[in-house]
Amino acid sequence: MARQVYQAVVDGILVGGVYALMAVGLTLIFGVLDIINIAQGVLVILGAYLSYVLSVRLHIDLFVGLAITVPAMFVIGVVLQWAFIRRLRGRERTAMTLLVTYAAALIIEGSLYEAFGPDYKQLSAPYVTSSVHVLGFYLPYIYLYGFALAVVIIAGIYALLYRTRFGRSVRATTQDETAARLIGIDTSRVATLTFGIGVAVTAVGGMMFGATNSFNPNSGYDLISRLLAIIILGGLGSIGGALAASVFMLTLESVVDIWSPQWAIAVFYAALVVVLVVRPTGFFGRAPARAQ
Amino acid sequence: MLRTEGVRKSYGGVRALDECTIEVGEGTVAGLIGPNGSGKTTLFNVITGYAKAEAGNVYLAGTKITNIAPDKVFTLGIGRTFQLTRIFPTLTVMENMLVASRHARAADRKRAMAQLEFVGIAGHHAALAGTLSYGQRKLLELAYVLVADPAVMLLDEPAGGVNPSLVNYIADRIRELHAAGKTFLIVEHNMEFVMGLCDRITVLDSGTVVAAGPPDIVRTDRRVLDAYLGEDVEDST
Amino acid sequence: MMGTVTRQRIAAALALAVLAGAAVTFPLVFSSPATTNYGVYALIFVTAVSAWNVFSGFSGYISLGQAVFFGSGAYAVGIAARDWHVSGVAVFGLLPLGAAVGAAIAVPFGLVALRVRRHTFIVITIAVFFIFQLMAYNLSSFTGGSVGVSAPFLPWTATTFNERFYYIALACAVVMIVIAAGVRRSRFGLQLRAIRDDEDRARGLGVHAMRVKLAAFALSAAVTGLVGGVWFLYLTQVQPPSGFDPLFDLSVVLMAFFGGVGTISGPVLGALIIEPAQLYLTATYTNGYISEIMLGALFLAVVLFMPRGIIPTAGEWITRLRTRGRPAVPAAAAAAAPQSAGKAAAGDTA
Amino acid sequence: MRSDLPWLSRNAAAVGAIAVASVTALAACSSSSTSSSSAGSSSSPSSKAPITIGASLSLTGDFSADGQAFQRGYQLWAKDVNSSGGLLGRTVQLKILNDNSSPTQVQTNYQTLFASDHVALAFGPFSSLLTTPSASVAARYGYALVEGAGGAPAVFSSPANMSAHNVFDVSLPITDEMIPFVNWVASLPPSERPATAAYPMAEDPFADPPVQLAQAKLQALGVKTVYSKIFPEEESSYKPAADQVAATGAQAVLLGSTDVPTVAAFMQAFAQQHYNPKMFICAAGPDQGAAFVSVVGKQNATGMMVPNGWYPGYANPDSQKMVQAYVAQYGGNPSDVNADVAEAYSVGQVMAQAVKATGGTDNAKIISYLHSGVTLSTVQGPVKFNELGMNDSAAAFVFQWQKDTTFRQVLPASAPGSVPIINPKPGWAS
């Protein structure tokens, strides 16, 4: 029994790394732009398809291919924000962005169907099925690389946010958009770049998802609710929180799996509700700036 | 009428109120002054239930009302305005007036209309409140607190950010209500306004009461001058 | 001035009469069950979207968990019919049970979820939604698990079947619209809208925010549960993914925003246009993907060109036409969102 | 001056106008399609108008992969029928609508097909979840619903079918699917039987019943159950569940899967854990031809088993003809043909025989003909319906991917066309 639990914890941490890679972009966008990007799930799948094209058609290694897919997704993100999200203002902005990003998700999904059809795909590479034996556990290389990449990317985003001028602008915008504008920050440029970075990071999440799961254009829908739950639990806008919450969620789920896989996700959602009622800002969330 | 006793409140280690005790007599206009960050608004928030006191108590007409919810505080008879005016922008001016109403519509509307006339914005009753100018919003907020007829009214910088003629207008309205027997507690930076209006003034500094008494006595109190040292006492905006 | 108001009232009454007449005679004019089927689904969504609007549209708390009530209403009717061996027309007697179950779930759900605001509220509603879907899957001795529950077979011809369901759905829709209009005029509705604008401020004016929100949530849930039951009897079957369908939640929000959130007629119009259009596009463009892309493009167009929905935007255009040459104060007022309005107004003091 | 009820009164007129206009336009839309086909449900055979057959398929959404394979099967059948002179001298015309895997949409589609397009005959949708609501619509309109992918017990026991008896599933009833596998295990000498078995099952009315029945029978044979759990159909990750199965070291795995992704995820996790069960059989997934092999890889597919009523190499001449026609039209190898195609094709064949036998498209006659106990032939073998519309005479086979990515019939070992089974399963590709 103890061994089963250890195994479940190991699995939770490894798979949590994959979910963190998918969730980081969402929480970054959420923190700065204050919007729920429903298209995140489909963007993950789009990232997976981009990697698929490079790996199957051009025989480029999955990790090497990121050098192409990440900038490509950045451009897609910038276009999405610039063309649609930028225009939304006012009181119903939160709800409106739900709808705009949902519409974008529909269009992207339809286009993926058009391009690839409904059959499932999976990314393959030698390190996807092989693993290293450590302390009695088989640790698959793909998950180890993925987890390392998650840590590197999160550290990178932290460095970007806390060590650069752009990062200061982002943080200022996150805290108080009006004040940021008053001190001369071009908040709309910050928003566009942040959205681009958020989507670019998703390319990595997409590659990891595609290597560890089979996917078709419809697969994005199952992801979005879990990713939302993760970033709320971690604290909106908290990059490290996304990793912590991913690992927490997947570990809880895989441990409960030992007894009842049926209830595992329900336990997670119940835990989420309890945490939020006790601490509405999640694990690492800041208290929202209150008027007076 | 309204009394706080040893109220304490801190935000993230910074003590905003410390052993804060004030007293507002029935039918008086009390002033609450102090430099920025001295805890005036925090005290308002504690009294009206928007912030929780860590120690101490708040009494209204002898009844303990410490840390009860804002809606209950209001029901018990304390109405307030906010420093940054808070109205309901997508409701019409008349609808704003009716949020606090409790009774039949027709009678409420009539009283609301009378109150709007009293503050002088009745002509805008059907406009969306979000379209009002800043000064009109101040008047609207004052009006919808007034229409509910609370026993005590807490006004947070009623003269802040409004032009001089409107300041006088607001002061006149408060005097009229005072004459009708209403109790006020007013936070204000505009010294002329406060000194001209209040029966009694309490001075806060770093969350503690440093002086209290009639305007002319407080004006000359050394501790008050110390508290304001370096502050631009007369400047209201 | 009184003349204008009276004339508007008469125009409104006439319009309502025409609308009601059209709604009642619709199945008589277009008697094909293929057409009345669209009517049934459109009216089910009219009811569900209006119910969502009475809570979310008025209070500003965007619920993405309405399917909890929809599915629970469907399951309540189905399980009761199965376990109490109700058959034939008597199953319609179980519909109030759907409403009661919806409201009964909304109270504890609301007591937890309504303590938090904005995004956190949205996510809690999503989380509760998934908990319910999983319960439907997992409590299989009660809910039938993944097989779901089937409705008793009603031995009516296709035309009769659809026509009867059309009128049942129409009755639900009318009742809901009347309730929505009543709430909007009432003090209760005013308090909800005050909560939407500034909840803390409203509390400071004696609005018992929790009680008001909870009442609206339960009302909305009861009606949603009721139409969930109607939908179940019409479809004759409910399963976890169809009863608790995340796309239902998104559709409801979409329809409300499409028509105009917070208004009475907006959600009605949104449902009347989108639900049939969605059914029609999906069925017709059998290549499938095109219908998806078209639907997405349509939503984008509406959000970008009529950001506040058809009804408010149309209202603005009408006002602009009427007040041509004069400053259109109400239109500008409606357009101004609180923050920007605040900033604009702060510039010019009186 | 604004009134206090801005939207209700001010724009009610505009709303009324828009609503009436849109509803009328819609009604016009949906009734206009009526003209596209005028074939009544019982038109006289002398008329040479085409016979229209309606079906709703999941061309998008969750079931889109299967739905599209089904569409190919229906279209292939229609093409074959028409190229050999049609039905009763009339050409066959398919009308397929997309239901996006949604019950609401599937019900709308069949109503449109019956009441607006007036199709003469109806073919079923994909999956048990969509077949139940479709069947009750068909029952109200008096249509026979001949289908190939609605085999869950709930489909047949639904109140509508109990009353109208109008559902006919040409495929194998799913509950007994795994029996050939169980019988084979029983036939092995006790020393070669698996000592332990794991039964992970997806929450689905299609996937669980055969696995649960097999579990009961294998336990009776003394095979110890080391894992038997139901997991949600959409897991965050299948890895934890798969790793637990791997940790049990079960010698046989009977996976209650519904699709390729589930099977692929378990296979990947097993490979990562260096765990290779001696026997690995899945309720669905490996029967998907190229769609399966391209995901899991050629080498890993070898040894994977799946129960079914059909496979591309089936010796039936009709079947071979169909596979050839499929390859001619869509390319690829015979092994790439998805079993969904054969299921769909069989639906057409059953309907064609019923139409010929009853001399027309009268659905009442077709229903009673199909219930008359006749045995019909299809690319999946003989079909004979019981009183609830299940195919009584379907024989269950087990198929296995063997070397050079060929998909072969292996069980029952004595059945014609069976080749020797690969046992134990070879190891995973490294």
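Think of it as A, B, C and D in the order they're written, each chain with its own count starting at 1.
The criterion applied here is as follows: a contact is a pair of C-beta atoms (placed from the backbone, for glycine too) under 8 Å apart; a residue touches a chain by one contact, two chains touch by 3 or more.
Quick caveat: nothing in here was measured; it's all calculated off a predicted structure.
Inter-chain contacts peak for the pair C-D. In terms of the distance between Cα centroids, chain B is separated most widely from D. Rounded to whole angstrom, the centroid-to-centroid distance between chain A and chain D, based on C-alpha atoms, equals 35 Å. Between chain A and chain C, the centres computed from C-alpha atoms are 31 Å apart.
Here the spacing of chain B and chain C, counted between their Cα centres, is 41 Å.
Computed centre separation for the pair chain B/chain D is 72 angstrom, with centres defined by C-alpha atoms. Counting partner chains per residue, chain C has residues 134, 137-138, 288-289, 291-292, 330, 337-338 touching two or more of them. Across the assembly, chain A contributes residues 91, 113, 262, 265 that each touch 2 or more other chains.
Across the assembly, chain D contributes residues 1-2, 4, 59-60, 64, 203, 232 that each touch 2 or more other chains. Interface residues of chain C facing chain D in the complex, by the touch rule stated above, are 1, 4-5, 8-9, 11-12, 14-16, 18-19, 22, 26, 29-30, 32-35, 37-39, 41-42, 134, 137-138, 144-148, 150-153, 155-158, 161-162, 181, 184-185, 231, 235-237, 239, 241-242, 245, 247, 260, 263-266, 268-269, 272-273, 276-277, 279-280, 282-289, 291-292, 310-312, 314-315, 318, 330.
Per the touch definition, chain B reaches chain C in the complex via residues 48-50, 69-71, 73-75, 79-80, 82, 86-91, 95, 98-102, 105, 127-128, 130-137, 144-145, 148, 161-163, 166. Across the complex, chain D meets chain A through its residues 59-62, 64-65, 67-68, 203, 229-232, 234-241, 243-244, 247, 259-261, 264-265, 268, 271-274, 291, 294-297, 428-430. Those residues of chain C that touch chain B in the shared complex are 187, 190-191, 193-194, 196-198, 200-209, 329-330, 332-334, 336-338, 341-342, 345-346, 348-350. Remark: chain A residues 3-4, 7-8, 11-12, 14-15, 18-19, 113, 117-122, 124, 128-131, 138, 140, 212-216, 218-219, 222, 226, 249-250, 253-254, 257-258, 260-262, 264-265 touch chain D in the complex.
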